[in-house]
Amino acid sequence: MADSSIIEVFPNPHPDRNYLIFHTAHEFTSLCPVTSQPDFARVALRYVAQRTCIELRSLKLYLHSYRNDGIFYEDVTNKILNDLVERCEPRWMELETAWSVRGGIDSVISAQHGDSTVVHRHT
Amino acid sequence: MADSSIIEVFPNPHPDRNYLIFHTAHEFTSLCPVTSQPDFARVALRYVAQRTCIELRSLKLYLHSYRNDGIFYEDVTNKILNDLVERCEPRWMELETAWSVRGGIDSVISAQHGDSTVVHRHT
Amino acid sequence: MADSSIIEVFPNPHPDRNYLIFHTAHEFTSLCPVTSQPDFARVALRYVAQRTCIELRSLKLYLHSYRNDGIFYEDVTNKILNDLVERCEPRWMELETAWSVRGGIDSVISAQHGDSTVVHRHT
Amino acid sequence: MADSSIIEVFPNPHPDRNYLIFHTAHEFTSLCPVTSQPDFARVALRYVAQRTCIELRSLKLYLHSYRNDGIFYEDVTNKILNDLVERCEPRWMELETAWSVRGGIDSVISAQHGDSTVVHRHT
Amino acid sequence: MADSSIIEVFPNPHPDRNYLIFHTAHEFTSLCPVTSQPDFARVALRYVAQRTCIELRSLKLYLHSYRNDGIFYEDVTNKILNDLVERCEPRWMELETAWSVRGGIDSVISAQHGDSTVVHRHT
Amino acid sequence: MADSSIIEVFPNPHPDRNYLIFHTAHEFTSLCPVTSQPDFARVALRYVAQRTCIELRSLKLYLHSYRNDGIFYEDVTNKILNDLVERCEPRWMELETAWSVRGGIDSVISAQHGDSTVVHRHT
Amino acid sequence: MADSSIIEVFPNPHPDRNYLIFHTAHEFTSLCPVTSQPDFARVALRYVAQRTCIELRSLKLYLHSYRNDGIFYEDVTNKILNDLVERCEPRWMELETAWSVRGGIDSVISAQHGDSTVVHRHT
Amino acid sequence: MADSSIIEVFPNPHPDRNYLIFHTAHEFTSLCPVTSQPDFARVALRYVAQRTCIELRSLKLYLHSYRNDGIFYEDVTNKILNDLVERCEPRWMELETAWSVRGGIDSVISAQHGDSTVVHRHT
Amino acid sequence: MADSSIIEVFPNPHPDRNYLIFHTAHEFTSLCPVTSQPDFARVALRYVAQRTCIELRSLKLYLHSYRNDGIFYEDVTNKILNDLVERCEPRWMELETAWSVRGGIDSVISAQHGDSTVVHRHT
Amino acid sequence: MADSSIIEVFPNPHPDRNYLIFHTAHEFTSLCPVTSQPDFARVALRYVAQRTCIELRSLKLYLHSYRNDGIFYEDVTNKILNDLVERCEPRWMELETAWSVRGGIDSVISAQHGDSTVVHRHT
């Protein structure tokens, strides 16, 4: 059962700078709420921390806790974002899920919280 | 025969947030209206939902319903967009079709509905 | 309805040499005989001609004739091979179909007719 | 709990020809028997059928049945091969699992049953 | 001899929407005006139609008509753009040619006509 | 008009060793003998020289001489091989043409002359 | 022990132009401060110099000096940036670290100093 | 010895349009001024011409003239840009050099002249 | 200091079958014995077990133990192979190291122990 | 001037095992003997040592010594092989040069010395 209390944070070591943190989990899986068949996704988290950063091992365990939950793509994406925002209180955060092909169609859901103008990355 | 009544929607689980939904169908096929020869395309749908989201299985069946229709690239792209806009009433929607090589030329047609400034994705 | 009489041949312009001919059709589609849902494959034909070669446009039309047939992967691969062998009488022929992902699984079926030692290709 | 009775077979439509069947499942997951953490693999099945072929949907469900089993890489690879050999009685079969990176190391386990000389594929 | 009269147009089926049309010809060839040696390019046409769209087969034949013409990269790029603008009267059009390596150098020439702000594509 | 007299050779600087020479021409074009439409191919020449090697610039000009000839895939492949064998008298030679997609099908034709066992390449 | 005194600079040969300098080190390694296990990263440095440029060999040695230090991703990224800013006094600088997969998750940390509008790169 | 007098220009055939010209030289080599060891780079030139365009063969010979010169990355990039600006007087020009790995680090230097807003390319 | 006593083994769960086990460590690093500069490699281990298999976590720790050792490419490759052979007593084993570019040259060293004919993998 | 006396060797640390050593130099350049224009190649050396191994830095310097020599592809490939064989006396050696595109054609020359059966690499 997905459990947001698993998420741990640690003090941001450079709170005075708006720098970007990107974590990409390649091994997310949950269940389809209709058919109970497994779904697989890549979960990309991008954020600008304020006072705390998300601890990486707890992020892994939190994502694992969806393994046997039945939940829709659109719902799980927003729920993970909401849980992480609540625990970490970032200046800006984006959560994007990219799902494996089902019926010849692959899907990406991408949600944001906060002001994306706080920082820019040179690409 | 293409039939927009196949398209089903469900309530947007997070209507208060402007998040992006991307579905990419890799297996679209229709017929050339002049030669009746098969055409093949990848169909990419990107949108920001308002009150409803497009149900994925019904999207697959709706796209399959073009299988034996003769229709031009430019026309089918705008027709699919119009049908989906009518059923889903999104804040913003883009429909892009990418067609296999014919006579050494490949083609992409890309149409939008609504205001693209409602949301931005960090890339 | 798949129809082997569509296949046309022309005289092999160099019958005295065992050379290889490879045609790869990227746009094959048929129907699942159980669900009637569309299947998509890449069809690779490789052969050493004897007296006749397969005419390319007729090969395309023959493959198109499966568009609305319900047929299993294993069956259609062997059926196409048998039809082409009957029309062309090659020294050696291989027919391989590579199918799009279904339920997270992609499939390849590969069948041969005749003696593969007649020719080797440097790779 | 992994259950080989899920595996279904159907009569080989062309039993007189030694042709190759390849199925690649991109979404296999089980648990580490030591840490209970999830493992992820790509499972490639290649075989030459005798009297029966493996039904694709049942193969998917059989692989899904390992989802919450704790089992070692080397063990699960040989176990899947043994189960499929028992149900399908192929002329030749190969089962290969390719596992995601753990501790900076990725792993592949590859086991065979029967005589690999029954058929050759032109590459 | 390159001949702009080959270019045919058809009525834009959705003239009320500023949608993008991209055609990429992978097989363009002309001659170097100095050495008469063949040059090879990929020609990418992108435009927003007004009242008419460019017919795809006529575009192919028009591009083929440069096959035995001696013409510089910079000149042919602008000439094709001018010819297509004259026949199609688009809201916006871009013509880009990408040339094969000569003397260890590859080249791209990219020219536009009209106002590129009429439409945006989400990428 | 294709003209084999263009092909020039020079003395093999190391005639006592069976070494491999590979030349790959990325820009071959000829015409379809039926429709007069352009065809495009990549031409790969691989050989073990005896007393003479093929001069590279003359090979380029010889291949260019097919530019406005109407000729079938199978025929041109064997004709180029025959012309090069006649001029160079190699211990072994392979000529392979890989043609652009036509009607959703791409083609490769591969022919050899002489004994391929004279040399092996470690791969 | 990481030591910023290793970093050497040389006079900017073109101080009147805001041009970009990018250095990407593919072989950075440090230790996890919790487990003492090795971490591996690609370190990308991008900057616009003012009076001095960073000497490349000293940059390499400075990055090597982290080899046996235990330090967190977020901390080391900001520390390297701070050290380089102090020694080089650039108009703008970005430091990005991209870390190998740990627990199925890869990470990128990206920090900037100064005004990114001083220069733009055409892409 | 690098010699800017080698650079030749020809009249811009379409001086009334702000179109982009990109040349990428894949085979640049010079010497390290400290160790005299060879350096290798890809040199990308992008510009909007005014009255004259840079002649491609003379560009190749000009770049070759650095072959035995000892010069730093930052210096040679700005020097080539300055030489080309002086000879061609473009509306805008960018010169970017991308250098092979040295000590596990690869480098890119990117400099511009003039106003980059004169033209935009749709990507 | 590299220490072969770290390597642990466990009983082969299927000792009656000659199956292949491949482990690829992407993060190996040691020191150059001449310059003391870091070297980086990918280490690929492939083997057919007899009575015991190599435990994955101990393999990781064993490879980490070379981190501060000065040792030549050819030597370390054979030494790792010898250590693993001694601990695991495989039917066949191959150890291959692939080293990062030094002076524009990358290197691969590949050594085997035992009889490679015990098993073949279908590719 | 190319000078084989630059090549240094060191004692093979494991002379009792037939293991493979591969060095790939990505930055070889020489001159065309006819036009004096630069040629660029990737040089791959593969060998099984007997009593001595080739020292990597001296290999780099030896290859650099061709920088201003005019020499044909076929000649330089065999000359490098002969020089390395003379200095190192390997059990087996292969030298392969892969040259950049000239006139739309790229070339590979591949020569061997000794018995290739002394060792096999699992691929």
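All chains are identified by letter, namely A, B, C, D, E, F, G, H, I and J, in their written order; residue positions are counted from 1 within each chain.
We adopt the following convention: a contact is a pair of C-beta atoms (placed from the backbone, for glycine too) under 8 Å apart; a residue touches a chain by one contact, two chains touch by 3 or more.
Keep in mind the model is a prediction, meaning the values are calculated, not measured.
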item	value
Chains in simultaneous contact with subunit A and subunit H	G
Over-half contact-pair match to A-D, picked out of the listed pairs F-J, E-F or C-D	E-F
F-J against E-F, pair bridged by the larger set of C-beta contacts	F-J
Type of subunit C:subunit D copy interface by residue overlap (half), same or different	different
Centre-of-Cα separation between subunit F and subunit D, whole angstrom	43
Between subunit C and subunit G, centroid-to-centroid distance (C-alpha), Å	55
Length of the line joining the C-alpha centres of subunit F and subunit G, rounded to whole Å	51
For subunit A, residues contacting two or more additional chains	26-27, 37, 40, 100-101, 103-104, 123
Chain-to-chain touches, reported pairwise for every pair that qualifies	A-B, A-C, A-D, A-G, B-C, B-E, B-F, C-D, C-F, D-G, D-I, E-F, E-H, E-J, F-J, G-H, G-I, H-I, H-J, I-J
Subunit E to subunit J touching residues, read off their complex	37-38, 40, 100-101, 103-104
Subunit I to subunit J touching residues, read off their complex	46, 72, 74-75, 77-78, 94, 96, 101-112, 116, 123
Of all residues in subunit J, those that touch subunit H in their complex	26-27, 29, 37-38, 40, 64, 67-68, 100
List of subunit B residues in touch with subunit A within their complex	12-14, 17, 19-27, 49, 53, 56-57, 59-60, 119-123
